[in-house]
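Consider the two complexes below, in which chain A is the common component and chain B and chain C are the respective partners.
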Partner chain A sequence: MMVGKALSSDFLKIRRKGIWFLVFLGSVGLLAMQALNFGLRYDYMIDQYKADLWKGLIGEIFSFVPIALYLGATLISSQIANVEHQNNSWKQLLALPISRASVFTAKVLLGFIAMGVACLILSAGTVVLGILLKFGTDDIPYLTILKLSFLPYLGALPMLALQLWLSLTLKNQALPITLGITAAIASMFAANYPEFIPLSWPFLSFISEAKPALPVGAGIILAFVVYMVGMGHFRGKDVN
Partner chain B sequence: MGELVIETKDLNKKYRGRYAVRNLNLEIGRGEIYGFLGPNGAGKTTTIRMLLGLIRPTMGSIQIFGKDLRKEKLNILRKVGSLVEYPSNYGHLTAVQNLEAVRRILDVPKSRIDEVLSIVSLTKDAKRPVKGYSLGMKQRLGIATALLGNPELLILDEPTNGLDPEGIHEIRELIRSMPQQHGITVLVSSHLLSEVEQMAGTVGIIREGELVFQDTISNLQQQASGGFRLVVSEPVEALQLIRGQGYAGQLEDGGLKLDQLSDPEVALLVKRLVDHNHAIYRVEEKRRTLEDIFMQVIEQGGLS
Partner chain C sequence: MGGYFKILASERLKMSRSFIVLLLLLSPAISVLVGLMSNIEGADRPWLVLLGTMGMLHALLFLPILSGIFAAFICRYEHNGGGWKQLLVLPVTRTGVYFAKYTVVMVMLAIIQLLFLGAMLLVGTVKGIDAPVDWEIIGRCLAGGWVACLPLAALQLAVSLMWSSFAAPLALNVVFTIPNMLVVNSAQFGPYYPWAQPFIATVPGQAMEGGGFGAMNLPFENLMITVLGSFVVFLIFGWTYFKMKEI
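Let's look at the complex of A and B:
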């Protein structure tokens, strides 16, 4: 498989480029904020959420998940693309016997995997944090904790696809980064947006427990469409 | 010339209404070192990018190994190694990691990494991050990368640009060894004739996007004759005699300036002059350097 070869090459190339550091920083950063939030005013928080301590922690963490996903997608995409941009290595890479579709897909997968690892760390870290906060180990809501990071992630996939497309095709990263940060800030007010606005999907996918399938499904479909359009652009592009 | 490795037909590339490359017909035979010459901005890099499938021609076709580049791009690229302009290594990785990143895509045995490192004499520095390399070392790593997939054709764009004389010499020797030692056809571009004439067998000269000369170096050298100069005892009378024989000539600094002549013509003229009791002091051929010819081709768009 050509995508597999390109992906294995990409894993080697991103060493020491700070991508895994970003993955770690984003997920552990969210947890550290809540560790402080609960640690500094433990009695107050415990009193407030005494009905369901785990649910309280999950809710507190979730309020920052959409913005973290958007920022993460923006920065990780940019870093992945910069490995080639900074070294002027697109011309070397694309003159190799590998299709452009494979090169593009491998980088998209790399971004997808890096973000997925961040979500996994967030889920695992949430369990650990809850235990450290003495919420007990008897009724840990594992499924909800997985949903906490992965459902919003699926809702944020269109942004990841868009960021990868822009970062991989534009040498100047100012536009994608500005766009990503703006979207991240705008996503904080997602509760006020109509649900057909993609910015609301990371929020709705976890909050509207009744029908998360809608924002999640829409996220996956739109992400795939953006990926296909981006790949079409990348394939036909002149490499200078 | 035998079998053609690269053949382009009426290749054109237009950027915003301006032709960067126009009606280019390159012919490069197997086992050759082909020097692709032209001043900066003449369209060398644009042509090379088209040959590698990095940019699409506006018009025209490219055949490499007898196959159409548009239809069999990946099959062709599997047998092509390339170095396009300034180095494009991954600075944060070592030479070995750089080669490994490419090897994973090419799918050649790991032992090939050590082989190409030794071909370009980088074995000693292979474990250092490439950002600490000199430009010459980066270029050599670029050539090692190009060689990694055992190519039959090597396309090198300005491989000696910005190198010091020692670096230029190393790269030149390396390129020169390719056809004999590895059976590789080489296309090497440069804006300096002096650099290419020492390794290339054939040259193509491009000017403002158009190929204005394509022939062997030795044919180019034959055109280097800029006429003869005769110094004789009585120049005025001798000139009349020469004109009487149907040759053009004029007086110049006490000598006679004649146009380009073949060997028998020179012999005949000298005999006539001696028969008429002229003393001949000197017969000089005024050779133009290849650089002069190159400049003439570039300025006038052809050889006069």
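Let's look at the complex of A and C:
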């Protein structure tokens, strides 16, 4: 498979470029923040959430998950694209006997995988943090903790696809980064948006527990559409 | 001073004709939206309430994030394709280059503060506030917000000089900006957290209903002492690093 080969070479290229560091920093950073939040005012927080400690912790973490996902998507896309932009190596890469579609798909997959790893670290770390905070190991809500990071991730997929498209095709990263940061900040008010606005999907996918199917499904479909449009653009683009 | 003004002129040229104008307009434009949607009917001091609502996002998130973006941006041309060598073989000193870059970053932030002031006056006019503008407090808050960005911008410039990647310093900045939302609640830690200082300096406690929270009612002078102290430390750190850096 062409894509597989391109992907494995991409994995090599991003070594020591700070992408895995960013993945780690973002997810562990969120956890560290809550560790401090709970650690510094333990008695107050325990008292506030004494009905269901795990639920309290999950709620506190979730309030930062959508914005972290959007900012992470922006920065990781930019980092992945910069590997080629910085060395002006697009020409060399595209001169290889490999289709542009595979090149683009491999980079997009790399972005999806990197963000997925961040979500995995967040979920695993949430369990560890809860145990360290002495919430007990008897009734850990594993499924909710997995949903905590992966449902919003699927809701944020369209943004990740859009950021990858923009970052990979524009050499000047100011535009995608501005857009990403604006979207991230706007996503803080997701509770006020009607549900057809994609910015609200990471929020709705976890909060509206009755029907996460709509934001998640719409997220996956829209991400695929954005990916196809982006690939069409990338294939026809001049490279210099 | 090592061709400082010449570098300043060339840095200004590098910043023009990029999407940088977008970044300058972003925060004031969003603040206008926030201001127009806010409800300030019957407030005691409408201008201060307006400053509180509009300054919330602006100072809590945009100022720290933009400080980082500008610092990363000002180093972008040099990191791309060996520009450092080309720049430093010119008859300029590294000190001159460093301070010229820092100046451009701070001028950008000053422009944003002015645009934000314009946005506030615009919203106030649209809303028909007839009370006189509290120039003293508003001026002090906006100028204070700018001064509070000094240490952060110096820190971010140092990091941006260190790392050749464009997004890595931004990532660092963003990761430390998000906790702002929690840190400003703490009167104990808030004033010492460089990313929270712009917010604490900009939004005064009396601008909020109920007199503000957390670190917002600390004396302005104490905050400024912390800010200027850390500014000197970070600036000297970045400067010595850049002087000794192997290009």
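Everything below uses one rule, namely that the second predicted complex is superposed on the first by the 240 of 240 C-alpha atoms of A that agree within 3 Å, B and C clash if a C-alpha of one lies under 4 Å from a C-alpha of the other, contacts with A are read in each partner's own complex, and residues count from 1 in each chain.
We adopt the following convention: contacts are C-beta pairs under 8 Å (C-beta built on N, C-alpha and C of every residue); 3 or more make two chains touch, one makes a residue touch a chain.
These numbers were taken from a predicted model, which means no experiment stands behind them.
Colleague: One more residue to check, A:17. First (chain B), second (chain C), both or neither?
Modeller: The answer is both, since A:17 touches chain B and chain C.
Colleague: Pick one for A:239: touches chain B only (first), chain C only (second), both, or neither.
Modeller: A:239 contacts chain B only, not chain C.
Colleague: Name the contact category of A:26: first (chain B only), second (chain C only), both, or neither.
Modeller: The answer is second: A:26 touches chain C but not chain B.
Colleague: Considering only touches as defined above, state whether A:88 meets chain B (first), chain C (second), both or neither.
Modeller: After superposition on chain A, A:88 lies in contact with both partners, chain B and chain C.
Colleague: Touching A:163 in the superposition: chain B (first), chain C (second), both, neither?
Modeller: Touch partners of A:163: none, neither chain B nor chain C.
Colleague: Output check: A:96 vs chain B and chain C. Expected answer is one of first, second, both, neither. What do you get?
Modeller: In the superposition, A:96 contacts chain B only.
Colleague: Thinking of the overlay built on chain A, is A:200 touched by chain B (first), by chain C (second), by both, or by neither?
Modeller: In the superposition, A:200 touches no partner, neither chain B nor chain C.
Colleague: Tell me the contact category for A:105 with respect to chain B and chain C: first, second, both or neither.
Modeller: neither
Colleague: What is the shared patch of chain A, the residues that chain B and chain C both contact?
Modeller: 17, 86, 88
Colleague: Note which residues of chain A are touching chain C in the complex, please.
Modeller: Touching chain C from chain A are residues 17-18, 21-22, 25-26, 29-30, 33, 36-37, 40, 64, 67-68, 71, 75-76, 78-79, 82, 85-86, 88, 172-175, 177-178, 181-182, 185.
Colleague: Note which residues of chain A are touching chain B in the complex, please.
Modeller: Touching chain B from chain A are residues 5-6, 8-9, 12-13, 15-17, 83, 86-92, 94-99, 236, 238-240.
Colleague: Would you pull the chain B residues touching chain A in the complex into a rising list?
Modeller: My answer: residues 49, 52-56, 74-75, 77-78, 80, 82-93, 97, 100-102, 104-107, 142, 145, 149.
Colleague: Provide the residue numbers of chain C that touch chain A in the complex, in ascending order.
Modeller: Listed in rising order, the residues of chain C that touch chain A are 18-20, 22-23, 26, 30, 57, 61-62, 65, 69, 73, 79-81, 163-168, 170-172, 174-175, 178-179, 181-182, 186.
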